[in-house]
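Data block below; observations after.
Letters A, B, C, D, E and F mark the chains as written, and numbering starts fresh at 1 in each.
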Amino acid sequence: MSFQLIEYAEASPEVRAVYEDIMATRKIDWVNNFWKALANHPQTLKRTWESLKEVMGPGQLDPLMKELIYVAVSVTNNCNYCIGSHGAAARKAGMDDSMLGELMAVVAMANETNRLAIGYQVPLDDVFKGAAMESSGS
Amino acid sequence: MSFQLIEYAEASPEVRAVYEDIMATRKIDWVNNFWKALANHPQTLKRTWESLKEVMGPGQLDPLMKELIYVAVSVTNNCNYCIGSHGAAARKAGMDDSMLGELMAVVAMANETNRLAIGYQVPLDDVFKGAAMESSGS
Amino acid sequence: MSFQLIEYAEASPEVRAVYEDIMATRKIDWVNNFWKALANHPQTLKRTWESLKEVMGPGQLDPLMKELIYVAVSVTNNCNYCIGSHGAAARKAGMDDSMLGELMAVVAMANETNRLAIGYQVPLDDVFKGAAMESSGS
Amino acid sequence: MSFQLIEYAEASPEVRAVYEDIMATRKIDWVNNFWKALANHPQTLKRTWESLKEVMGPGQLDPLMKELIYVAVSVTNNCNYCIGSHGAAARKAGMDDSMLGELMAVVAMANETNRLAIGYQVPLDDVFKGAAMESSGS
Amino acid sequence: MSFQLIEYAEASPEVRAVYEDIMATRKIDWVNNFWKALANHPQTLKRTWESLKEVMGPGQLDPLMKELIYVAVSVTNNCNYCIGSHGAAARKAGMDDSMLGELMAVVAMANETNRLAIGYQVPLDDVFKGAAMESSGS
Amino acid sequence: MSFQLIEYAEASPEVRAVYEDIMATRKIDWVNNFWKALANHPQTLKRTWESLKEVMGPGQLDPLMKELIYVAVSVTNNCNYCIGSHGAAARKAGMDDSMLGELMAVVAMANETNRLAIGYQVPLDDVFKGAAMESSGS
């Protein structure tokens, strides 16, 4: 399938409202292609943007941390667009070349050990359950 | 398939040497099941431990950051053992309930938007390529 | 990691409000475990429920269609809880044994041909691009 | 690796027989690249076509429903060729822009909640098991 | 969802015919649960068995090789049943502990380097395309 | 994100040492792009090469077998670079067109039956556990 990218000029008022919130929130004067594609289904554009704004907004994890996690998932899922867009966002949030190298190393290593744990069907140690229980209660 | 978990008492000298390095490095007096399963293939045990020790060791990303990335990949790959073991490690490294909630939210959101970008086959914005290029050169 | 399931009795007002909307929307007097787990992070509970309510609500695709798509993705991602909960929802929406059998057959076949197309790195036929273009414009 | 696309003119009699059945079944006068690639291994071409013809043939789920499920799996697996070919087939079977938008929204949402259920390791509610049991018996 | 396992005694004639072919082909007097579950949709049972019989039957790759490939995919997809059933089949076909250890190591390593190649978005070397082209022509 | 490919001429001594070992080990006079990309993070380059050299080196499974397993995982994970590079390596190790066709058929079939076993949530037969136990002890 192919999709049109909906530009601001041709967008409906509800789509323009989302574009304007994206630009205002990010303090930039343009909207990236991801949103222009979602604009083919305005409800999805609006809902996804509002969710992303909340999830990536201020919290206990700083912006860089959240972008690195986003890249980690995108690499694991093989999403080129997301690696590119969130990789750029991570750069903007302060990711330097060493951090990038370590991020890739951890993501790759996790993908390797995930399969070893799955392949060897390793039973979870009781102490981990216990420790986690406790902590999650605190 | 089922696998034996190789305990220290029944382990070969080379396996014991790895177990001892794991305990010394982590300053604990026990070894978790993952390593006891890998011990069925000593070369894999040794190589994997040495790689993990290097990848998760001191660097630009702090230990908590690395554990959160590990959990993010493990959740995306649906590895229960790894969610449990690295979740416990993240707790130990300082992950509180809010961080855990945000981690899950970012991981889930990334899995959602990855599929939107893939499904709508969104072309990467030139500005992202550019920006990344530049940064990676710096 | 282990998580507490937050019961209504012990829930905060904001969590209770979501539980009540879930029960009212679904015309049932209980809340399933998925929501009791998300309640560990109230913002995620609220945002996820509101998104799900919108996405699975009235539209061009009927409820059964949407549940079958949900099960198809859940089987592909190997999510046992989701196969169980959306499988039950699909049953409630009218999925009979034949539909279930056909759903599984299509999901499995798609997973097979996906790998054949990926492995043989098949280039997309121009006619498909064309046809889709056109349609998405209509 | 690269693969030749086997054209009708250069195809063996057994490959031509499959191409002819594809064209006759679909009432078209051409064969798409997927089959031309599989023709590199005639047994796989024949077996895959016969399976697809049976799975996507008349049943309880209508053709549009089956194509939407096919696209849902292909988006989840990130198979560009399959998204393109089955997306075009879904269009042909009646998928309009609203249905496409809802399909993408459901697929993305399922990928998100799959990870929340996996990450929070939610135990399946007994009532779901029960309800499904019963139904599957009916 | 839950599914009944259809035993021979309660099976329809067409299901029994497949069970008998499975037992005759494998020279055993029982049928494993996978087939008893597929029997809930007889066409899928018959089609899947006939495909598997052809795919895993005599060819250029010996039975052990095919079972190892089956386990490699099953570990990557996190399919416990398939790891168990094809792991047992690989044992029967001659997989010893060393082969199993090497299989796991290769599967895990491939999962690691796959993510490094994806994350670093490495462009394919022309020489590989060339070399493959040539070979596929021979 | 975009990455530079580090050529030998511009590489640091530690990176050159790895490139030289790759060329010496493979008896070739060039290095493929995967390593030139990893060179952006020298530790990852060195660790990954040393692991790969050990994992793909002499053992119970011959080189062709290991390359086929590598391709099987790469196709399942949709890693184009890896399908191309290890596909070429498999050719070099002796994979002919029939073996390639059978490899693709087994990989695709495994991806199909993995989802059937997952979707139908098939319980593992006791005899498989037993048989595997026994063998793993031998």
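Convention: contacts are C-beta pairs under 8 Å (C-beta built on N, C-alpha and C of every residue); 3 or more make two chains touch, one makes a residue touch a chain.
By chain, UniProt protein names: A, B, C, D, E, F = Carboxymuconolactone decarboxylase family protein.
Keep in mind that what you see is a predicted model, and the values were worked out from it rather than measured.
Peer 1: According to the touch definition, list the chains common to the neighbour sets of chain A and chain D.
Peer 2: Intersection of chain A and chain D contact lists gives B, C, E, F.
Peer 1: Rotation angle for the CA superposition of chain B on chain E, to the nearest 5°?
Peer 2: 120
Peer 1: Could you quickly compare A-C and A-B and let me know which has more C-beta contacts?
Peer 2: A-B
Peer 1: Quick one: point me to the chain whose Cα centre is farthest from that of chain C.
Peer 2: Ranked by distance of C-alpha centres from chain C, the top chain is F.
Peer 1: Copies chain D, chain E: same or different interface, half of numbers shared as the threshold?
Peer 2: Same residues, largely: of all residue numbers at this interface, over half are found in both copies.
Peer 1: If you average the CA coordinates per chain, which chain's centre is most distant from that of chain B?
Peer 2: Farthest chain from chain B, going by C-alpha centroids: D.
Peer 1: When the centre of a chain is set as the mean of its C-alpha atoms, what distance in Å lies between chain E and chain F?
Peer 2: One centre to the other, that is 18 Å.
Peer 1: On a C-alpha centroid basis, what's the spacing between chain A and chain E, in Å?
Peer 2: Here chain A and chain E have centroids separated by 34 Å.
Peer 1: Using mean C-alpha positions as chain centres, tell me how far chain A is from chain F in Å, no decimals.
Peer 2: That pair's centroid distance is 28 Å.
Peer 1: Which chain B residues touch at least two other chains?
Peer 2: 1-3, 40, 43-44, 47-48, 51, 55, 76-80, 83-84, 87-88, 91, 97-98, 100, 102, 104-105, 107-109, 111-114, 116, 118, 120-121, 129, 132, 136
Peer 1: So how do the chains connect up here, line, ring, star, complete, or something else (other)?
Peer 2: Basically all the chains touch each other, so complete.
Peer 1: Which residues of chain D touch chain B once you look at their complex with the stated criterion?
Peer 2: Chain D reaches chain B through residues 71, 75-76, 78, 80, 83, 104, 107-109, 111-116, 118-121.
Peer 1: Per the contact definition, I'd like the list of chain C residues that touch chain A in the complex.
Peer 2: Going by the criterion above, the answer is residues 1-4, 40, 43, 47, 51, 54-55, 129, 132-133, 136-137.
Peer 1: In their shared complex, at which residues does chain E touch chain C?
Peer 2: Residue list for chain E touching chain C: 1, 40-41, 43-44, 47-48, 77-79.
Peer 1: Within the complex, which stretch of chain E touches chain F?
Peer 2: Touching chain F from chain E are residues 1-3, 5, 30, 32-34, 37-38, 40, 44, 48, 51-52, 55-56, 59-61, 65-66, 68-70, 72-74, 76-77, 79-82, 84-88, 91-92, 95-100, 102-103, 105-107, 109-114, 116-118, 120-125, 127-129, 131-132, 135-136, 138.
Peer 1: Please give the residue numbers of chain E that touch chain B in the complex, ascending.
Peer 2: Contacts found on chain E: 78, 83-84, 87-88, 91, 97-98, 100-102, 104-105, 108.
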